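By written order: A, B, C and D. Residues from 1 in each chain.
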């Protein structure tokens, strides 16, 4: 018999992707999934792509989760702490929300508002020394989707001293599932198809998380909504320090990783190649005019940017092979 | 050690999907993949979504395939016979092309041109009695993508005598991967996005295959190219014979199938829910004005419509569980 | 000084397209536009594509429209009658809603519910004798978007006796703007992109309108939502009566029309070619297997299917050249 | 009788958009359009959106253009000079290619290769003093599409001394029509839909043009191909000099312009709002973390980025109202 897992907040896009991954996982037994307004609904009404999975969504409360050894929280920001407090210490938790990511309570309050819930182990296994921390934790804060994309591109360069942490400029575009499943006019297909639309310009809430995870001290990040359901493409530029080859630094950092791929020279990451997978693709160069380092990073915001990363952390926390139940390969075209 | 498999014609979209499925299959060992102009190229150059798979494409000839116990042919129509003739009888073959699907040589010549290569076991396991035939065969002709979509919707209704085989009208729309990977102006993204475009109106080559597989005697089928990479949605209408509930007929036919799902009443199939899976979704009703039966069928043209179906057949031919290495669940959104 | 026009219900997609056309019309002066919840908002907040147009949305009531010689109603179905009743007889009205399209009150109640408001001149100028009726009317009911697409394809064939009115089967796919601008989960970009989704299968409310306009006596129509913002592609099939060439019938009907184009032989209509225009593209053939007539019809659901058609009618009602302020040419790619 | 105009290179996307604009222009009479491999073809075969325009494409040579008072060249880079040399001095020319944009021959050779053809009046009317220069010229080099987008955002800020010309970082995404109409696998719809793909990272050929037009001395520009047919969205960031409000600087520069709109505070440009128009939308802010200026600029790459801009220049060169035949309003959704 496997490890019993549950998903709180299963009606959204990250929740649906978690269900897909968990229903196919060799060692995790999906015992419960919960929702708010959709409680009592069969899961296939909410997620028709899961036709064949027989499960009714429960209410989002501790009782619904009481059979689980490990719980994934995929709740709106600010709602994880209250539910987590009701779960026994023996239950492991991976929180896909932002509540426990930041160490600095003041930054939390500035960017998210409300009281800071606390700080859990930050769940990005490919950072140095971090997979051991995750494996030893019973509470893990999964990364933000932009944060995962950008941190994987930037952290090794700052750590190696080849990128100036005081001059980082990022533009990152995301597919619409990153904006959630709320019915909003600006997210309607009619508005989005054929359109690129920036938002939260100059003030995105992932900025402090990325600075914390990478050591950047100044970060301009502009997010753009792109007409595709999944995927994030981040263009990360930083002033070069010295003349090291940034690609070599990335290769040294990720040469042995299963999910982070520094592409062959001349190949640039693009989002479709990562769709449905837990992989992140990277490439780097130096701009011929400005001399800035440019790293491009691509991943699936619901995969390595959310649900896939959460399963990867859960595998580590459960003593399972880190890659179990996750796909290295994207579904393309 | 597993069963050694190879893919001839791996540079196209169906070939790429086969590689993805085979690379993750528990019992098949992918030992070779071949291409024509791309021979000698690393597979990730052609299929960046397979980053992490270390394989160089070989030439499309018998020598490249000599280590395989089972070979998938994903070649342009008309090229399978010559290569198949060079493979030993002991090697099992699944042909994804049209060459061996039709029993009637005259129809082959009318719709495809050239000489008819022969007839192999038709590879649609969910037709009555067919999975046993497939399991006993060493040569299987995989279904066409439109044919799979429409046959699954129509065959049980004609077999049960509730749909008139002499009056079938179908309109089916396909994502662009169904049109292949050739560089043609009409398939450019600039032309396709925001566009619906009919083609081969009144004369599609899958018509005789569908008639053969379903028993229809008159079939009007209009194919439409839709602005999405994957998926086929077929609206299959037929004059009703008697007043049986067509949904009940489908439920009776597919109630125990892993991959064919008759949706709950009120839910209609849509393509995105099947993307990346080997599932086909069905729903049926009777039109209030005309009294015609309407069945809507959706699947992934590269999944149940091509590569997934081929792996399902290969599982049967190899004595493996039919569902091995295939996903019931779609990747959505 | 020109003819003063106003738009009631300007916050939706058809309303926005009306504003675009009217703001560029040489003889119509746009004097007012109204909305419900958006009343008091600057028009560019609601329609950013109209940047440069200085207009504040008024409340949807007779007072807001009192300066207009001609009023366009782009209101939800069922709301036109109450407002129309408050406008003086001297004010001309084009209703883009369904309220006044049907002659048969019982059919109205069956398909739309509620009481039938009445019957106005049906606004499809290319039907025989109709542009004179429209020119003589002060109240015109604009066509439904599906109805325009299908009627233009079918009416001449039934009138000429070459298509059997008792056996018509239509599948028509529409871009998402046809579904309106309400915030609904099923219309979110994440759900729609990469997806084809049928709806109201076997029971669409345009069926009685199309039967009334074409003379069809049995009509099966399946609508499909397609992943594009604009455009309708209808595949209209009917049992052939005799062996007349359906394309010749269409050429005879539309040879002198500015906006209805029977394409050269071998060219098939596709929606993108009509985007932003008031044109409808048609082509016809006879199916080689079934002998059925197949007509494909494409137009812009917001153009010839709604706002463009309304302006065309308004031109006729105002004694202006029928094509004034309308584009024959599509915006493509 | 109007001014006779012709388009050399009318089979591509910019050429098609030129034909659409010219066919609807009140004062320009379209007398000829030419193509290379498509010479002799009816224009609607190449551009089905122009159904209703009766014109056969001629060969691309001086004879085909001999009736024109003004010629638009929409040829591949490097081919304009040879044809221009064959046209009499009395014929006005607007070149949509890059051949005559750069003043510095060495930069031309570095970024484009081959010999530098010369330098014509740079055709961006909204730059200070430039519309008078254009009006006085008989040879105008139209801007590049990225260059127009970025220059309109950046030039006033550098001119006003509020943005550091030595530290400009741009990421700009373009719809696929910007990549032209050549049949290439990487531009297939199957590859592009659902995908964001960077290209020419760190070395785009518009960089010297933008530096020349804006005064920037260091410019990192990363272009990204986006899954939409039209539109460019540029995120332009620069280190702030002083604490002036960048939005006020843009308002001062463009307050009286018909086609350049600084949006209301809180509204950000998005590409769909500019589709089919000759407008550019701008907004600016200062990043809260880094203090960098961020300007977002959106336009239609075929409109203000190519054909629309060319017509605007031609209007000026012909003594016509600058806005004639051009739309301020976008076609949306």
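Methods note: a residue touches a chain if its C-beta (ideal position, glycine included) is under 8 Å from a C-beta of that chain, and two chains touch if they have at least 3 such contacts.
Source: prediction; values computed, not measured.
When the C-beta contacts at A-D and at A-C are tallied, the pair with the greater total is A-D.
Of all residue numbers used at the contact between chain B and chain C, over half are used by both chains, marking a mostly same-residue interface. Put simply, the C-alpha centre of chain A and that of chain C have 44 angstrom between them. Centroids built from CA atoms put chain D at 38 Å from chain A. Shown for chain D are the residues in touch with two or more other chains, namely 13, 175-177, 190-191, 193-194, 227-230, 270, 272, 275, 333. If you check the complex, the residues on chain C that touch chain B are 168-169, 171, 173, 175, 190-191, 193-199, 201-203, 207, 211, 218-222, 224, 226-231, 233, 235, 237, 268-272, 275, 283, 285-292, 294, 296, 298, 333.
Chain A contributes residues 13, 175-177, 179, 181, 183-185, 187-194, 227-229 to its touches with chain C in the complex. Listing the residues of chain D that touch chain C in their complex gives 13, 16, 20, 23-24, 42, 44-45, 47-53, 176-177, 193-194, 229-230, 258, 261, 263-264, 267, 270, 272-277, 279, 281, 327-333.
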